[in-house]
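Below is one structure. I have some questions about it.
Going in written order, the chains are labelled A, B, C and D, and every chain counts its residues from 1.
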């Protein structure tokens, strides 16, 4: 809050740096595909290692990229040095997550000092057609002055 | 509903068979540790490949085992031939998911014909001490007569 | 499903008739202010009888108009004779619900045969300025062939 | 945290005093029926003015008593002078809320410095038989040093 605001480039680098440390995103095969102030998109190629018993992407994997998209959208608006944690999220699964890839589009609904509400829509893309397959709302918490929780 | 009810052994085999097809559980390194009527537990050793940027287990990985624990707890009460899908879940993250392993304990709150409410508590276990780190409620749907969605 | 689809006028009359039977909306002092296919708005003048201990509108009253806005938005897309029930909802409270009136804007995100996801934004209006104070996602269920549950 | 902890009697008086200021509880006809450390129960006689179109208690009215039960359960553990606000809640509606009265049993799942997770079960009581009709999880926020937000 005090101090200089971050430039768009600094914001992008901040998100990329923190995303790069999320080993779980590498495990999934997810990549950061867009960062802007209040907006983050994450893409996940659909491969067998993220599926559940019917061959769709596991709801937990869908939720994982949606959660990271929400959390990083929130982080774009947090003061330098602060870290982000998810306090809670809810996801509605609307259609089977199947096709070539998933795209989670996260954006901030309302940024507060302590709590930020973000939401994400997840689209399943098949043969160039994009279909909404999940929607999340997430409460993200700004962590300041905690050892090891800085992004 | 009609027809013979499943025995406890048949229920355990049913859950094990379906869990075994969830490639994503293998990716996480999760294993089924308990099955009873209306109850399923899943264990996840904490390893670097499931972590987020601060070294804790990613909220999405926590949610993944909680979702499977809820869904399979629900499936223990579903008629043979039916499949289970998650319609929605909400998870509250209560403490950093850190330590040696996570244990997700899922149980059915109310089983209905179409919708079943299940809940899961996730414990982080460190040096033999178990700490509640997340709580989920999940709405699971009984799918009957859908090709490819049978468990 | 079979049979003629409802006209816009029939849809508006259907929602008005069902809303008129919600005694609780009268208790709150809420009124239906807009109905279109997939969209319903409900307005609530802020009066002392709906407040909590700090003088803001009680979160439950905010949720009540948001829930009705979601449910009726869903009902606009349901076959004649069917009734609507809420299976679950989640609401995030973003700012104190204070001012002259609240406006809940509900809309359908995805309509399915059994389950429909709707969402609502609730705005607090003061001196002509509108501020987002809550956001809800709700899973609505189509009830067909149940005595007494037809809208 | 600093300063003297409240006695059980002081806690009960604190909750009763704040509940007494929730005009909306009076509008509903709800009353506080039990207060203990980390636990609050609220009772609602079922009367026509809280119903929806099928004659059941409106989901919003069910949520209202569950939210107050969660918030006040959380408040029993908050430092003197602090106020409580609900940041978010999710409710699953499990059975029609019908009968003579509803009983919402709220309890704290995890109390934190800023955020407390509480949950509530709501029972519908008819002819002496109690049936679970809803379950809520709620994130409650400790407000300290805000004018007008002290309980």
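We take it that a contact is a pair of C-beta atoms (placed from the backbone, for glycine too) under 8 Å apart; a residue touches a chain by one contact, two chains touch by 3 or more.
All values reported here derive from a predicted model rather than from experimental measurement.
Student: Which contact partners do chain A and chain B have in common?
Tutor: Chains that touch both chain A and chain B, as defined above, are C, D.
Student: Just to be sure I understand: going only through chains that touch, what's the smallest number of steps from chain B to chain C?
Tutor: Step count on the best path from chain B to chain C: 1.
Student: Look at all chain centres (mean of CA atoms) and spot the one farthest from the centre of chain D.
Tutor: Computed centres place A farthest from chain D.
Student: At the chain C/chain D interface, shared numbers over all numbers used: above half (same) or below half (different)?
Tutor: Over half shared, hence same.
Student: Rounded to a whole Å, what is the gap between the Cα centroids of chain A and chain D?
Tutor: Whole-Å distance between the two chain centres: 33.
Student: How big is the gap, in whole Å, between where the Cα atoms of chain C centre and where those of chain D centre?
Tutor: 23
Student: Using mean CA coordinates as chain centres, what's the gap between chain A and chain C in Å?
Tutor: Inter-chain centre distance comes to 29 Å.
Student: Got the chain A residues that touch at least 2 other chains?
Tutor: Correct list: 87-88, 90, 92, 139.
Student: In their complex, what parts of chain C are in touch with chain A?
Tutor: 90, 92, 94-95, 109-110, 112, 117, 119, 132, 135, 137, 139
Student: Under the definition above, what is the set of chain B residues touching chain C in their complex?
Tutor: Per the stated touch rule, the residues are 87-88, 90, 114-115, 139, 141.
Student: Which part of chain C faces chain D closely enough to touch in the complex?
Tutor: 18-19, 21-27, 48-55, 57-61, 63-68, 83, 85-93, 148-149, 151
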